[in-house]
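Once you scroll down, you'll see the structures, which are given as C-alpha cells.
Each of the two complexes below includes chain A, the first together with chain B, the second together with chain C.
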Partner chain A sequence: VKMVPLEQLHLSHVLQAVSALESIVLRSFGPEGGQVLFTRDTGQVMVSRSGKRILTALHLDHPLARMVVRCVWKHSTITGDGSKTFVLLLASLLRIIHATATKDPHMFQPHNSTEASEAATARHLADRLLEFALTELDKLIVLNVLPHGFRVSLENFTAKTQHDLSCQTLLVSFFRTRLGYAYCDFFRNLFCELLSHWKVKDDRPSFSMQFLNNSFLALHTQVSGVPVSCSRLIEGQVIHRDFATPCPQVRKQPLKAVVFNGYLQPKLLTTGDVLELRCGDKVTEDRGIVHFSSWTEKSVESIIATLQSFGVSVLLCALKQSSAVLAAATQAGMCLVECVSEEEISLFTQLSGVTPISDCRRIHPEHIATLTFCKPLLLGAHRYVHLDFHDCEERLKVKPCSLVICAPSEGQADQHACAFQDAFRMLLTALEPVRKTQTALEETIPSKKCTSLHADNISNGTACRVHLHQKCVTETGCVISAGGTFEFLLHHALHQYGHSCSVSVNTSAVVPVSQLLEKALLSVPRQIYSHNLKHFLQAQTRNGNMSLKLLDLGLESVSCKYQLVLAVLQCLTNLLRINMVLRTHAVLHTESHDSLNAHSFMIPMSH
Partner chain B sequence: MALNGDEEDFEWEPPTEAEMKVIQARRERQDKISKLMGDYLLKGFKMLGDCCEACGTILLQDRQQKNYCVSCQELDSDIDKDNPALNPQAALSQVRERQLAAQVPAAAPELNGGPTSSQAGVSVPQPRPEHCEGAAAGGRALLPPPVVASPPPTASTTTLAPIRPPVCPQNSTLRPVLEEAEEAVLTKLRWATAQLQSSASLEASIQLCSLISSCANSLRNLKELSQ
Partner chain C sequence: MHIASYLSSLMQMSRLVKKSPSVCTDLPLNSSDVCNKLRLMKELLKSSYGPTARLKQVHNNIGGAVVTTSTSSVLLQAISSSHPIVSLIKGSILNHVSRFSDCGLFASVFCLSLIEEAGRCDLSKNVIIRVNKHLLSLCTAHLQQEDCGCKVQLDFCSSQSLITLARSVISSKPTCVLSEPESAHISRLAVQAFLLTVPCNIPDKVRLGRTVTIPMEGHSVLESAVFPGLLLDTPENISLGNLCSPLRMVLFSASLAGDLSELGDGRIEVHQGVDTDSQIVDQLLELGKQVLKDEVKLFVCQKVIHPVLQHYLRCNGVIVIERLGISLMEPLIQLTGAQPVATLHTTVPWEAYGEVHVSVRPFGSKTKLHLHPAGKTTICTMILCHRNETMLSELKLVCQKTEHVLRLTLREPCALLGGGCTETHLAAYVRHQSKNDVSESSPVLGCSQTEYLLAAEAFCRSLESVATSLEHDDGASLIDLTHAHHWTLPSDATEEHLEDAAALCGCGVVQSCQNKKWSYLNTEYAEFSPEPLLTASPLQPTVLDSFTAKVNALEVAVETANLVLDVRYVIQDVN
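Showing the complex of A and B:
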C-alpha cells in the first residue's frame, strides 16, 4: 500500500471509522447488551461491558479512531459513564451531517471539488451545532426535561430512606449497568458505608466525595481469589507494600512514624557521577572510596540514632533504600517500608498532618506522625502494611477507612474498583447544576410540576454558590428515569424549538441545526429498544405522564446527559475540522493514553 | 436529485426509484462493512490509517501483519461485483456480453481453465490495475475482471479458480491443444482490433485495449509452453 505523504480527508472516511467503532459498541449497549470477552496472550481473561474498556482495548492505528477513543476516555474520566452512548450519538450525528452535506454541498462557498465542499459544509454545520448547544441547550433542558424528573439529595445519604427515590436508587441503577444484577445492592451498601465514614461532620458530603475520587487509588485494595461478598471496609490506611525489615511484636502504645522522600544513605557513584574526595586541606593517607563509604555508613547510623531519640519506630520511604540502611534499621528494631507510592504518601501526610523528610540531617517534631498501630495485613495472596492514625478524628473530624474489593479474578476486581470510582465521578457530575442560574429560571416555572422529596429540601436554598475555582456541586441533582427518557424529551423540545424558529424567521436555505440534533437523539432509545419495537413506540408516547411505576428502568442523571451531549458535539467539531492527514514514520508507538503517537498526524485547517 | 435553476433556488426533487435503490444498496453495503470491521476489530485485528486503493475502505491488519480490505475481499467477491446497479463496469460488461453473444462464435471451451487442460491456456487476464493488493496477499487468485468478458465469459462469474503454476503434461497431448488455443486467441485478437478501430466510446476502447494486451500475453505464454 502506497504511503502518500499528504492526503485529503473525506467525510466518508470519518464516517466509516466512527461507524466501525459504533458497531462494536452496539453489541454491549442497552439492558440486553452482551459482554465482551478479553483474552491476553498470557492467558488472562476478562469479561466486560464497559464501553471505555472495550474501546481502549482495540488496536487502532487510524488517527481519527484514536482521537475518538481518546475523547471517550477523557469524558469517562470526568463523568464516569456514558461511553457507549457517546459513540452512538457521535455516529448518528455524523451520519445525519453527512447526508445533509451530500444533499446540498454547494450550500456555502463553492469549492474545487465536491468532497471539499461537502467537508466545508459539514464543518460549518458542526460549528453551528456546537454554538447552538452552548447557548440554547441548557435552557431547553431546564424548561422541558427537568420538570419531568425528580430531585435527589445527598443529605441523609446513608440513612435508609423510606422513599424509593434517592441517590441510592441512582447508585443502584449505575451499579446494575456496570456490574449486573447480582452485586448492585451489595456495592451500593458498601459505597454508602464508605461515604458515611469519610463524611466530614458539619460539612457538605460532596466535599468528601471529591476527596475520595482524587485519592481513590490509595484508598482501595484489590484482592483476587476471594468471593465478592468478602469486600469490606477496614479502618485506617493500607500501604500496598510489605515490610522490608522484620516487624517486631505489636506494641500497644501509639507508634511514631516518619516519611522519607529520598535516600537515607546517599547513593555512591552512579554512572556519570564525579566524586571529589577531600579531607580538609591536608593530604592524608586515608583518602579514598573506602573512607567515603565508611563515612556514609556512619551518617546513616547517626540518622537512626536521631530517630531513636524521637522514639520513631516506623519508617516509610518513597525510594528503595540500600542494604546498610536496612541493616541499621533492623538492628535498631525499626520497621521500614520502602517504595511507597506517591499517592499513598500523599494520603498519609494528609491524614497524619506531617511533612515528609527531605533532608535527613534535619529531623524535627513536625515530621513525626503518631499511629495507633502498624502491622502486617494479609489480604488474598499478598501481605500489606496496615496502619491507623492516632488522633485523626479530633483533628480532621473524619474516620479514615480503606476499601477492600474482592473478586474471584484480577480482571473482575479491577472492574469492580473502576465501577466504584466511576460512581463517585457520576455522582459528582449528577450534582452539578445544568445551568448556573438554574434557580432563577425555575422560579418562573409553575412549581406544581416539580416534585421534590425531602420536606426540608423544597426551598432552593441549596443553590449553587458559584465557586470559580472548583467544580460547582450542589447537594441536589435532578434525575430522570432511564431508558431513553431524556432523549425523547429533548427530541420533543428541539422539535418545538425548530418549529418556532422557522415560523419566526423565514429561512429556506439554512438548515436549523436543532433538527439535526433532534434526529440524532432518537438513535439512542432506538438502540435501547432495538429488540422490541413496540416498547420503543410505547416509550415515545408515554412521555406525557411520567409515573413512579417507571422506576423499574432505573434512574439516570440529567446533568450527566447534558455533559454527554456537549462532549459529543465538541468531539464532532474537532473531528470535522481535520482537513488533511500528514504521514510520518514515527519511531515510537506507545499504547499510552497520554500520547497520541500514531503514524499519522493531523493538521486542522481553518477556512 | 437535480437542482432546478441556479444555486439560490434549493428546490429538491425526490430521487427516482432507481436512485433510491442505489442509495439503499449503498447504505446497506456501508452498514455491512462497518459490522464486518467491528467483528474483525474485536477479533484482534488492527485498524490502519490507510485506505484500500480500490474501494477506499479502511484497511485492517491481522496478527501476521497481512493487510485485509473488508469490502474487496468479502463483499465485492460475492455480490456487488456483478450487481449492475452498483458496479458500472459490471453493467458495461453485461452489455458487452450481450453484444458478444450476438457476434462472435462461441469461444473455445478449453479456455475455461480446467486443471487438466493446458494451464497455459488459462491466461491470467490483465488484472484491473486498481485491484486491491491485499487480495493477492491472501493467496487467492486475482479474479478475472468482468471487463475482459470475452474468452472466458463464464470464468468471470465463477469464483476463484486457483491459478496453478503451469505443470508440464506430456508434450504429445499438449501440442494440438496449444495450437487450438493459439488460434482462438488470435481470432479474439483480430476481432478486438476490428472493434477498436470502430469504437467510439472511451470506456469500450480502454477495455478493448486491455483485452488485446491480455491476448498478447496469452500468446506469449502459449509460445513459451510450446518450446
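Showing the complex of A and C:
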C-alpha cells in the first residue's frame, strides 16, 4: 500500500458534493417531480421516484458523497420516507453554514489560514446545531407543530367506514410521492385491503404490520407484461417455484404437507469418504458398486412409503432432489416442490405451525401441515405453487393472503413493490408501538381532545405538561398536512425562539444557531412550490391556521419529520468533522498499473 | 452546466477496473436527440405493421444469420437500445408479447404516438398523464360493455369466426410469403390443431393439451398437416409386421448409458481386477430381461441407452427410441399414460407401463413413427412445410402465436374488429365522450376544460395514427361519419370515387353506399357518436383481432407512455 498526497477538504468541496446530489434528487421532488430512469451496466432498466433508490443506484466515487448516501440510506431504511427532503435540507444547511462561515471566519478561534478557520467555524456551528436540536427541538415541535396536527391509529386503516379519511390520506400522499398521481388511490386501496386481511384480531395492530414488513419478500409476487390495474390480493401463500413432479388434477381435501430441509436420497459418499472396490471381496461378489447405488434407491422408497402412511401428498424441499426421488414421488402420486427459498419456508412454517424435517427417517405428526388446496398458479411467464392453510383463521386469527404486483415492465413492478415495502416502514415509524406504561394515559386522551390539550399547553407552558407531550412526538401517530406545513410551522417556532433568546441573552456576538435551521427549513417548501411562487406565499401566510380542510394537500407523519431533522443534523456534524481525505492505492497486480483500486480514508479533525 | 460536469466526476465507479462515468440526461423528452430516436423507432415499427408491411432484414456485424421479419418480438429484440427510454418501451412491449403473442406492434406504435403527441401539445406532463389514464379507463369500460360497437362475440358452434381470427394473425405476418389458398390452409390447420388440444370430457378443471410442431423444409405449404398423437423420428430399419396394436411401452427418464451419478462427492478407488463396467451392464441387461418378460414392445428413453442394451432389446423385437429429449417427455406421458422410470435397480412397477398404437407414416423422404392412443387425446402434431428456412421459421413462429391467440378466446369468447376499425371507432367514441363529460371530468383531474380537451384530442389522434399505419402504399386513410369504421383509398383514386374504390371498410362489415360521408383521418371533423351496426348485417367480418390481447396492449401502451412522460432524469451506466 502506498500513500498519495493528502487532500485537504474545504467547506466548499462538501457543499459542492451535496449540491450535486441535490440536483439529481430535485427532479423527482414535490408535486411536479417525476421519475428517474436508470440503466445498470447489465442493461437492466430501473425507474424510481424514491430518493433512496436513486442515490444508491449512483456509483459514486467521491468519499463524501458516498458518506451522505450512506446516511440517507440508513435513515430511509428505518423510516421508509424522507430521503429527498434529507438531501435538500442538508444542502440548504450547508449553504447557510458556508455563507455564515465565509462572512465571519474568525468567529470562534483565530487560525493561520482562512480555510482552516472557516472549517472550524462550520464545525462549531454544526455541533451546536445538533446539540440544540437534541435538547430543544422536541419541545418546540410539541408546542408549535402538534397543535395543528391530529392523531391517527392503525384501527382507522382497516375500518371499512369512510368517515375518518386521515389515514387513507396519509397513505395516498405517500404513494403519490412514490408512484405519481396515476396509481396512488389504487395502491392505497390495495394496501388497506392487505392490512385488513392480515389484521390479527385482539392483538396489537403494529404486530401484524411488523410481520408484513419482515415477510414482504415471500408475500408478494411481481408480474410483468400486464397492466398495473391487474394487481390484486390472492388467498393463501404463493411459493415462487414450479412443481417438480406432475401435479395430479383431482385431489381429496384437505391435503397434508411436509417441509424438508435436506436431501431425501441419502448421499452415499460424502466428501472425504473413500469407497474401495477390491477383487474377490465379499462385497464384490454381491455385485459390487451396483449394490451401493441400489441401496440408496431402496432407502428413498422407504421414506416415500413412510410419508404415504401418514397420508402426506405435498413435499416442500429447500434443496434440489435427485431424479430418483422425483420419480418415486411421482409414482406415489405426491407433489414435490424443490429449491424453495428460505424466506418462503419460514413464512410457511409460521403460518402452518409446523417445523421442517432435517432427518427424513424421523417424521412425527407435528411435522405435518394441513392445506385446503395446493395447485399450480400461472402468473405472467411463470408457473408457481399456490396453497392455502386449513385452519389458519382459528389458529392465527388471520386470513393469509399474498400480493400480486403487476406492471408492464419489470422495473415498474419493482418500483411498486419497493413503495409498498416503504409504506410499511413509514407507517411503523408514524405509529410506533405504545409502551406499556403509557397505554393507560393514551386511552384517557381521545384523539380529538389531544389537539385541544396541546392548545391549552401553549398558554400554560408548564414544564411538566411539556414533558407529558414530549412523549407524543415519538409515540403517537401524529400527522400534519403535507405541502411544507411542518417546515413552515417549525420555521415560525424557531423564529420566535430565536427572538426570545436574543432578548434574554443579549449577546450579539454569538449567532443563535436556531436561526440557521430556521432559514434552512424554508428551502423545502420553496422547492415544493418552485413552479408556483404565489402558492408558496399563500402557504406561508396561512401556516397559523392549518386544519383538516387542507386534506387535499395530503398528510405526513410528524415523527418521521422529527427523525428526519435529527438525522440530517447528525449527518451534517459528521460531514463537517472531516478535514482531509487520504487516498491509498492498494496494488492488486504488481505489473499492471491500470488496475489500481482507490480506497479513501477520511480523517476526523483532531481538535 | 457546472453541476453537470461535477456530477460526472462524482460518478466514477470504484471497482477493480476504473469504469467510465454514467451519462446523465436532464428532462430527456425535451432533448431533440431522444425525440429523434423515438421517432425513428416509431417509423421502423409503423412500416412493419399490418398485412402489407415492409419487411425488415436483421443481421449483425459479425456475420450471424440474416433474419427477415416484420414480427414485433423479433424486431424489438434486434433493436439494440441506444437509450434507456427506448429500452424501457422495448421491455414493456416484449413483456406484453410474451404473455399474449399478439398486438405487439399495435402497442408500440400507439405508445410512441402518445409520447409524440404529448410532446406536440404544450401541456404539463402531469395533466397529460392523468387525462390519458382517465381516457384509458373510458376505453376499457366501453370495450367490456355487451353492446360495444367494435366487439364480436365468437361462435364456437362454427369454426368460421375462429378461422377468421387465425387468418388475421397469419396474414398480418407477410414474411411467411403465403398465397391466399396457402394462408387459408394454414389457418384451418391452426384451428384444427387448437380444437384437438381442447379435451372433450372435461373433469372439474380444463387442462389443454399440446401441439408439437415439426418444421420440414423444401415442401409445399399445402402439404402441411395436423395429426392427433405424436410423430417421432424412426430408428433405422424398423418393421412393425408382427406387432399387434396397442403396444405396451416403457419410458425411462434416467440415463441408461451405464453411469452412476447419485453416489455423492466421495472418492471411489477401484482395485485391479474389478470390472465395474461389466457389473453395470449386467444390471442393465437384468432390467432388459424384466421388461421383455412383461411383454414391452416399445422402449423409450429420454437420455442415452447403452448400445449393449439397445442391441439386446432390438434382437428381441422391441422398438427402441433413445434421446427423446425433455420437451417431448410431458406430451408422451400424457399420450400413453406411462410413468417415467428413474430407477435402475428396483423392478419397474406395473403401473408405470403405458399403451399406445404405433404406425409408420412416410413423409417426403423421411418416415416417421406415429404414436396415437387408443382413445381420445389432447396431444397433436403439426407438420409445417415451406420452401425455405427463413419463411419456415417465421411460419413456425406465426403458428405458435396463432395457437396462443386461439387459446385466449377460451378465456373471453369475443374478438375485436380488425383492419383499423376498432381504433377509429374508439377514437370517435372517446372524442364524443370527452366533449360530453368535460365539465365533470376536468375538475376531478385537476385541470382546466381546455387542457382536458387538448389532451383528449392528442389521445384520439394517436389512436387514429395506428389505423393510418396499416396503409403503406401512399393510400389515404378515411373514417366514415356514421359507424366510424376505417377505410383506405388507394393513391390513384380520389374521394369522389370512394364508393367504387373501396367497397368494404377495413374489417369488412360495412359496405359503402351513396349517402355515406367520409373524412380523412388526422383532419378535423365534427365529433359524433358512432352508430351501432345493424345486428342483421349480412356481412361477416373478414379481419378479427384477439380481444384479450388487444385490450391488454391498449392498457400496456398507455401505462408505458405515461411512465415515459413522467421521466425527468436519466442516468445511464455506459460500461
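Simple rule for what comes next: the second predicted complex is superposed on the first by the 474 of 607 C-alpha atoms of A that agree within 3 Å, B and C clash if a C-alpha of one lies under 4 Å from a C-alpha of the other, contacts with A are read in each partner's own complex, and residues count from 1 in each chain.
FYI, a contact is a pair of C-beta atoms (placed from the backbone, for glycine too) under 8 Å apart; a residue touches a chain by one contact, two chains touch by 3 or more.
Predicted model, so just to flag it, every value in this text is computed and none were measured.
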Applying the touch criterion given at the start, work out whether A:12 contacts chain B, chain C, both or neither, answering first, second, both or neither.
first
First, second, both or neither for A:393, with chain B first and chain C second:
neither
For this session: Would you check which partner chain A:104 touches, where first means chain B only, second means chain C only, and both and neither mean what they say?
Result: first
Between chain B and chain C, the one with more contact residues on chain A is chain C
| message | Going by the contact rule set out at the top, does A:342 touch chain B (first), chain C (second), both, or neither? | response | neither
Thinking of the overlay built on chain A, is A:131 touched by chain B (first), by chain C (second), by both, or by neither?
neither
Practice prompt. Report for A:581: first if it touches chain B alone, second if chain C alone, otherwise both or neither.
Written response: first
- Query: In the superposed arrangement, which partner chain does A:297 touch: chain B (first), chain C (second), both, or neither?
  - Reply: second
Chain A residues contacting chain B in one complex and chain C in the other 16-17, 19-20, 23-24, 27, 36, 58-62, 65, 598
Listed in rising order, the residues of chain B that touch chain A in the complex are 1, 7-8, 10, 12, 30-31, 33-35, 37-39, 41-42, 44-53, 56-59, 61, 67, 133-134
Chain A residues touching chain C in their complex are 16-17, 19-20, 23-24, 27-28, 31-41, 43, 45, 47, 54, 57-62, 65, 180-182, 224-229, 246, 249-250, 265, 267-280, 284, 287-290, 292-294, 296-298, 301, 322-324, 326-328, 330-331, 380-381, 407-412, 588, 594-595, 597-598
Contacts from chain A onto chain B in the complex sit at residues 1-3, 10, 12-13, 15-17, 19-24, 27, 36, 58-63, 65, 103-104, 106, 508-509, 581, 583, 598-600
Per the touch rule, the chain C residues reaching chain A in their complex are 3, 6-7, 9-19, 22, 24, 26, 28, 81, 84-85, 87-88, 91-92, 95-96, 98-100, 124-126, 129-130, 133, 203-205, 207, 253-254, 260, 262-274, 276, 279-280, 282-283, 330, 333, 339-346, 349, 351-352, 552, 555-556, 559-560, 562-563, 566-573, 575
